[in-house]
Amino acid sequence: MAEIPKLRVGFLGLGIMGEAMARNLLKSGLFASVMVWNRTMAKCAPLVAEGAQCAETPAAVVDSCDVTFAMLADPSAALEAVFGDNGVLAAIAPGKGYVDMSTVDEATSTKIGEAIATKGGKFLEGPVSGSKKPAIDGQLIIMAAGDKELYDLVQSAFNVMGKKSFYLGTTGAAARMKLVVNMVMGSMMGAFCEGMALADKAGLEQSALLEILGLGAMANPMFALKGPAIMSRNYPPAFPLKHQQKDLRLALALGDALNQPLPVAAAANEAFKNAKAKGHADEDFAAVYEATQQK
Amino acid sequence: MAEIPKLRVGFLGLGIMGEAMARNLLKSGLFASVMVWNRTMAKCAPLVAEGAQCAETPAAVVDSCDVTFAMLADPSAALEAVFGDNGVLAAIAPGKGYVDMSTVDEATSTKIGEAIATKGGKFLEGPVSGSKKPAIDGQLIIMAAGDKELYDLVQSAFNVMGKKSFYLGTTGAAARMKLVVNMVMGSMMGAFCEGMALADKAGLEQSALLEILGLGAMANPMFALKGPAIMSRNYPPAFPLKHQQKDLRLALALGDALNQPLPVAAAANEAFKNAKAKGHADEDFAAVYEATQQK
Amino acid sequence: MAEIPKLRVGFLGLGIMGEAMARNLLKSGLFASVMVWNRTMAKCAPLVAEGAQCAETPAAVVDSCDVTFAMLADPSAALEAVFGDNGVLAAIAPGKGYVDMSTVDEATSTKIGEAIATKGGKFLEGPVSGSKKPAIDGQLIIMAAGDKELYDLVQSAFNVMGKKSFYLGTTGAAARMKLVVNMVMGSMMGAFCEGMALADKAGLEQSALLEILGLGAMANPMFALKGPAIMSRNYPPAFPLKHQQKDLRLALALGDALNQPLPVAAAANEAFKNAKAKGHADEDFAAVYEATQQK
Amino acid sequence: MAEIPKLRVGFLGLGIMGEAMARNLLKSGLFASVMVWNRTMAKCAPLVAEGAQCAETPAAVVDSCDVTFAMLADPSAALEAVFGDNGVLAAIAPGKGYVDMSTVDEATSTKIGEAIATKGGKFLEGPVSGSKKPAIDGQLIIMAAGDKELYDLVQSAFNVMGKKSFYLGTTGAAARMKLVVNMVMGSMMGAFCEGMALADKAGLEQSALLEILGLGAMANPMFALKGPAIMSRNYPPAFPLKHQQKDLRLALALGDALNQPLPVAAAANEAFKNAKAKGHADEDFAAVYEATQQK
């Protein structure tokens, strides 16, 4: 039986996340070649040293690869990589796939998907849950939506970058899922900070509350990780508060469009806005505690 | 060296929780004797068959034991057992201890503690986190407050009934901690139900949301357990919704007394009130979903 | 036809409100006599100079009068005047009426009403809406509940103290109505302060917003009166913020007991709590603006 | 002294509001001519019978007039009248003014203003407060922003259409002011409905609550007008609920952009969303009561 030919894969965007993800593709040995691109080319050097190829433009990567993945900083970077000079759109063609794993809003994702489709390419949005460490460990959770054939084709790649991937439907579904997940996260953090603040006011040790929560049905890694940050009132940014607030805002807008009341999320959103107004926008989202406690 | 004499322990209240807890005391073999009492005496039979003694009144138990534990249905039952005819107060005396593990409000706990102290007895409040299964498995989380010497004395008993106990301070502290914990729980459930409802409105599979939440930093046993109940819209009561709403109300009152704003909990409380008004008071507290989703 | 004999009326409590109300009874010339009492007797002097009689105890007033009115500072003063030594209860008897116009909670009102009834007296609760100026001008709004015959009997007195009185039902109904009215007031003030704060942030003149609101369907005396206080960030207490917050709390508790969700009032209550926590408890309730605006 | 020449004025959009406003311009006799346009020309007939001129396109009106006013249904109609074929933009020129009194968002208003300015014309946004009756009576409240010279020039026209006009600053300020005003309105209506619902649950007559509110510091035309609608549970649309909810949403978005927490408005918005979800989108905004009361 003829062997299935290995895919040639590309990767655009070598930030903290992207570099780790591209390295996992490279190390897996599952692909015919791994070609990378970054806006500042110097970032390509380590991966080239490990066996990757490097290209000067997104179009050059797409031109040489069967499937190109991207992990870019924000919607404007994601749009630039596709629609800019020598962007993805200049090279995408029938038989080629593009998988954008950046966190972007549904409108951005849809715009990219439609442009790719117009050129005959296949498109998948694939935002992830998880940050630096899971990216390095290949333990991301991948929420994918768009072209189902492309989803099936890139299973091997998703398997080395993540511990689990989900196919959620047509383009936009993954962006919406990410909003729902982050809305629950924001409300949970708001609830947690109120508990921590009330414990303190009620003369209870916050460390005891953390231990008790950690032993019961609500036990979760987020409380365990963020509790000590709150106790020390020190919030080095893993997920900046302003991004959490933006996601709450977008989730509320989604609920608004769909006639879904979300009073708990709305109250949490006001707490995050309060924290932003107090100057904590760039700290970790656990800094919403600073808007919750009094003095 | 002389051996420490084994304690004679008593247990008042053999409901679902109490029977399991008393049985664990009995099975441990750590105590000189285990004497039980229940308002309807028939409930004592199984434990007597396993080696427990049985008494006709709370006073008779206290009279024969060094330390008496209680697990009663509600504040009025807790008060009746202490202040009623042939109640704990009739027999408590210097050298004897009383540990009330019922879930009661701070005022009830304080009233009992003061009465016990007037007679020279020692008092500890010890509400638990966890329901039937952890009670059977000896895996409860015990929040204790009151007499520290008594707390130290009953460590062996707490160890067979629970997986961990906390000494939180003077009487009332454990009641307050329980409120804080249950307030966080109510807000988290409110947040979770909003996520489930928004997912559904947004054309996303609720089962996919559950899986994704279960793989990330928010993963917790409560979402895993209650998610399927929500998906089936069927809520057999483990923790009745009206009790969750009552705890939110009391936690908000505590915040009010302490000048602690709690806007997320306040919004969640309104959702639970809404669910009560829609007829879900006696279902499981996950039924707050019925007030969140629209049709 | 025989003339209806004029009533002998008494008045307990000569604070800012009470003195003005008693003076209106006196000046009306409608009553056979007006006898007053105050905890510190010196306060009686001005009214005595104008023709009132003065007594040393509440019992002495009730003993000499057909109907005794009271306007006392708070529930504890209201209870003391009735149940204390030489209180109302010592002299109330069949054929005598007691009208408590103090602002008290339903439980206090009910307790007083039941005690009066036990002695054969008639009772009416009659809390008022309006403060110093309406009291002086005889323009209070009187919410009455309790004995309907007594209500009819004291119409002439209500007419000189107020511009309108309402009979609302059995004892307790007036206390509840007052809570509903003050809940709407607290939420409206919260809404108004958010508008003022948003106008300021949006580069709009707050004075223009005030004028515009004053010309449309929302125009009301409260916005007109409190707007300038908010603009000057200066809140001399007419209705102390802590009392407004207490009324919101009690209204929410009433809603809780009656399964009535009140999410807007709950959000407003949190804003008032926030203002209390920031040190504005004793300022006017318009100071909730200080919790709403950001710097 | 030479007389100031009378202005030739135009009017685009003859809906319920626009027809009444154009008629007031015509009846005033203050203008050299009044030329009207409507998308369906038949609507022009009554005004032509009263002395107005009629044109077939917005451009034709602008071409013949010194200042053209517009009162169009929504942002898309406002944009079409300006940017469409034979629109305002085709004829606007130095020396001519355009005053858009439609209720549109800030972005729409800004877009129109910039296009007018590019052609050398002057622009003013002038949304109004008040509906059919004030429009007929010339008693609208006009919130204007944009070109100050144009504002001064059209004072005579504003005086016949409204009882008061405000100049609020550069283009966009009036759109923002309208949002602030409508946000306060939505929160007030939410607060009012909670009071009405709680009164009912507490066994109090809603009519008594209305009377009491109508006599005190909160008395306002809106409560007086909408109270009976709520009591009859019948909501013929004066201001459709979906528009109130949209304005709350936009005001919250404005607060979000400006870091202004608005928890009361956020809670009210959720109530309006709830009412929309229950099918009351097209009824009057007082129908938010249907989301507030239970059963």
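Note that the chains are named A, B, C and D in the order they appear, and that numbering of residues resets to 1 at the start of each chain.
Keep this in mind: a contact is a pair of C-beta atoms (placed from the backbone, for glycine too) under 8 Å apart; a residue touches a chain by one contact, two chains touch by 3 or more.
These numbers were taken from a predicted model, which means no experiment stands behind them.
Comparing the CA-atom centres of all chains against that of chain B, the greatest distance is found for D.
When the C-beta contacts at A-C and at A-D are tallied, the pair with the greater total is A-D.
Computed from the mean C-alpha positions, the centre of chain A lies at a distance of 42 Å from the centre of chain D.
In terms of their C-alpha centroids, the spacing between chain A and chain B amounts to 40 Å.
The mean-CA centres of chain A and chain C are about 57 angstrom from one another, to the nearest whole unit. Across the assembly, chain A contributes residues 255, 259-263, 266-267, 270-271, 274, 277, 294 that each touch 2 or more other chains. For chain C in complex with chain B, the touching residues are 245, 249, 252-253, 255-256, 259-263, 266-267, 269-271, 273-274, 276-277. Chain contact summary for the complex, chain B toward chain D: residues 263, 267, 274, 277-278, 294-295. Those residues of chain C that touch chain D in the shared complex are 129-130, 141, 143, 163-164, 166, 168-169, 173, 176-177, 180-181, 183-185, 187-188, 190-192, 194-195, 197-199, 201-205, 208-209, 211-213, 215-222, 225, 251, 254-255, 258-268, 270-271, 292, 294.
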